[in-house]
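In the two complexes that follow, subunit A is the common piece, with subunit B as its partner first and subunit C second.
Our next item is the complex of A and B:
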């Protein structure tokens, strides 16, 4: 593969400088014979990683990060369009799999949408089930995708009872799937009492928590005691 | 008695993107000083687009309070199970009326947000913020308008309160309001969880009395850290 990474650096910079048009332009100029899809996707992802760092350091606000995510998605969509065969199944299969959704009874999905996009940009294969999702749909998707992570969200307290049932069923049926929860009613203590393995305090740090969860699950330790 | 006489949102105040822009920026966490010109223009464009989808509608009804006890207020056709709000009635002179309303921005804004989400999270986020702001403004306008109308009949009014806030249970509270008002007539429905569809809708109640010296139970409430605590 190509050793001149200038164009990939430009791509990375275009993402974290929130320049959607430049992302499209740069991706369109990349010679796809010289760079693997993984190299291009990694460049886009590094742009998101830097944008997340900016957010954590107070340089970016949430809308800034969202524009960066939009830029990333533009790049990915363009790649899928011009080189669908290069974006092959193998690349997707290597990624950790996350099933995500807003639990039944709630349709507030803005936070979940941001988490799903950030996770995707951080290298996860995300199966987004949407909002007001019945428990059976979550369980069936965990089964069919062999999910590593189940990410559940709600902004309301009324769906929590049903969510607790889903967590229990998941732990019984799919003990190797780690469960992370987030949303307005939660703190780490409630997440633990609900039986979750991890808690995402906000959408931007969700990948950090998810990464930790994967590592801790691999070593058979829970993230929140 | 069913009313459709509330004067609703004044378009001069709420349909101007320039007026709304600083409020939206504040809501989404952007500083007007640091925002770039393209983003500034983009947000204005989104506000204009979002406003075109908003079709405010409401249903409201006033009823007589028939009794109140330690933990509930009963009116003709509705019961409000809230210890704190029923306790407030002890501090009002001749509490007689309950006014309930549901106001909505309509389903088109929800649809636009869903559609935008597929291509741009930023667009969806801005439109969502616009919807939340406008729903609040519409509820404020309902509250003011109902209070003004009934003040002509020599009533004073409490602040509005909604299911899910204070100690009024979301599920039972929403069910009580929906059974009383039947907002299905304006295409507003409630899920069993208490969630209202369309998302940008507000349900609320206000209490009318001959004399009101405090408009909410916050003064007597021990929860000092409540983020919804009011000062009067």
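Our next item is the complex of A and C:
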């Protein structure tokens, strides 16, 4: 593959500079024979990673991050469109699988959307079920995808009782699926009391916490004790 | 000092607007209460007024912010609470009677204004109302200019809310301070457009967002005006997006700051107390003070420029009254003892010199038992004993 990385760097920069049009332009000009889809996806992902770092450091606010995510998605979608066969299915299958959604009773999905995007950019295969998702849908998707992680979000306290039921059912039925929770009503202590294995304080730290959870779950240790 | 504006409410059995009294008189009354509080128990009104004049009352005042939680005492449903002023009023009064406290914040729900601006709402039985997220009235940026001013009299939710204010003020009388509530322009807009899209529009199409804020703000000013005439003592404006959960400080100052200032002007014209409620992370105390000059800020997390609550008290304690900030997760899972211990930690740092009201960081979670609201009141009562 091509050793000249200038175009990939431009792509990375276009994502974190929130330039959707430039992402389209650059992706459309990439010679698909010279760069593997993985190289292109990695460049887009590095753009998101940098945007995430900018947010952590206070350089970016939520709107900046959302537009950067749009730029990233624009690139990914274009790639899927022009080179679906070149997307390495085997690599996709090897990615850790995350089922994510906003629990039943809540429709605030912005935080969940950010988490889903940054997890995808961090190398996860994300199954995003959306908002106000019934417990049965979560359980069925865990079964069908053999999910490694169940990521649950709510911004309200009213769905917590139902969420606790979902966590219990997941742990009973799919004990090898790790559960991470996040959202306004949570802290680490409440997450633990609800039976979750991990807690993400915000959408930006979710990939770090998810990575830690995967490692700790593999060694049979819970993140929050 | 407009004597008739003072006499009329007093004869009707509720508090006159504080702004009608000259500062020296308010300070004299606060000093008197401070002195008297050393020997006697103050009334809730005396306690709150002493605290917001930055004097130490007999004990820290408490705002439990039990709002929809009061339904549990009254035995009414969420839709009844949201749509029926009489039932909602009873829920707020029942919440105060049951849990105690010194302030009633009429935070009904966040859908009131957007519903009357045309956003379709859902009214679940077990949760607060929410917009129909599959049916936002503003579908793209071109729709922003279609927002029209509505007359409060023709706006059913806001009219019902004004009736709620009127009823609660009459029921509460001199027992407690009653605060109205307004969702800020961008909050209302987020209900109509979806927060995610609105945030992106703020960055990509700020002029169009500002244009949309104009009619919304006009409605909110009229809504504030109507609330002021009911006899509430204060109005809290929710400017959630002046925080790390929303816009950058610069963008908030550019977009919502000037509109929030206009709303506060109207409230102050009536001589009422202006408050800010913002349960976001790293909230911008400085920007909100600059634009709104609020007498109190109700918050859930430390401001962006403070690392500790002591630092917050040092930096902002003489500029505004701090209202907060018992964490929601603790109220959900903590024992009453843990809640009381957290309250005492906050009282230790924030109460000295007055200018502090103990409260949850946000509305008391509506579906959990009210035990921890009572624990907060107990914590204030037992502090130092």
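FYI, the second predicted complex is superposed on the first by the 224 of 225 C-alpha atoms of A that agree within 3 Å, B and C clash if a C-alpha of one lies under 4 Å from a C-alpha of the other, contacts with A are read in each partner's own complex, and residues count from 1 in each chain.
The rule is simple: a residue touches a chain if its C-beta (ideal position, glycine included) is under 8 Å from a C-beta of that chain, and two chains touch if they have at least 3 such contacts.
This is a predicted model, so every value here is computed, not measured.
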Combined model on subunit A where subunit B meets subunit C, clash or fit: clash
Touched partner set for A:125, first subunit B, second subunit C, both or neither: neither
Partner chain(s) touched by A:52 [first = subunit B, second = subunit C, both, neither]: neither
First, second, both or neither for A:190, with subunit B first and subunit C second: second
Touching partner for A:67 - first (subunit B), second (subunit C), both, neither: both
Which superposed partner A:97 touches (first subunit B, second subunit C, both, neither): neither
Which superposed partner A:110 touches (first subunit B, second subunit C, both, neither): both
Per-residue contact with subunit A, leading partner among subunit C and subunit B: C
Which superposed partner A:159 touches (first subunit B, second subunit C, both, neither): both
On subunit A, the residue positions that both subunit B and subunit C contact, one per complex: 61-63, 66-67, 70, 105-108, 110, 113, 156-159
Contact set on subunit C toward subunit A in their complex: 124, 126-128, 130-131, 133, 195-196, 199-200, 202-204, 244-248, 251, 279, 281, 327-330, 332-333, 362, 365-368
Residues of subunit B defined as touching subunit A within the complex: 28-31, 39, 117, 119-122, 124-126, 128, 164, 170-171, 191-195, 197, 199
Interfacial residue positions of subunit A with respect to subunit B in the complex: 61-63, 66-67, 69-70, 73, 104-108, 110, 113-114, 117, 132, 156-159
Contacting residues of subunit A [partner subunit C, same complex]: 18, 58, 61-64, 66-67, 70, 105-110, 113, 131, 156-161, 184-187, 189-190, 193, 202
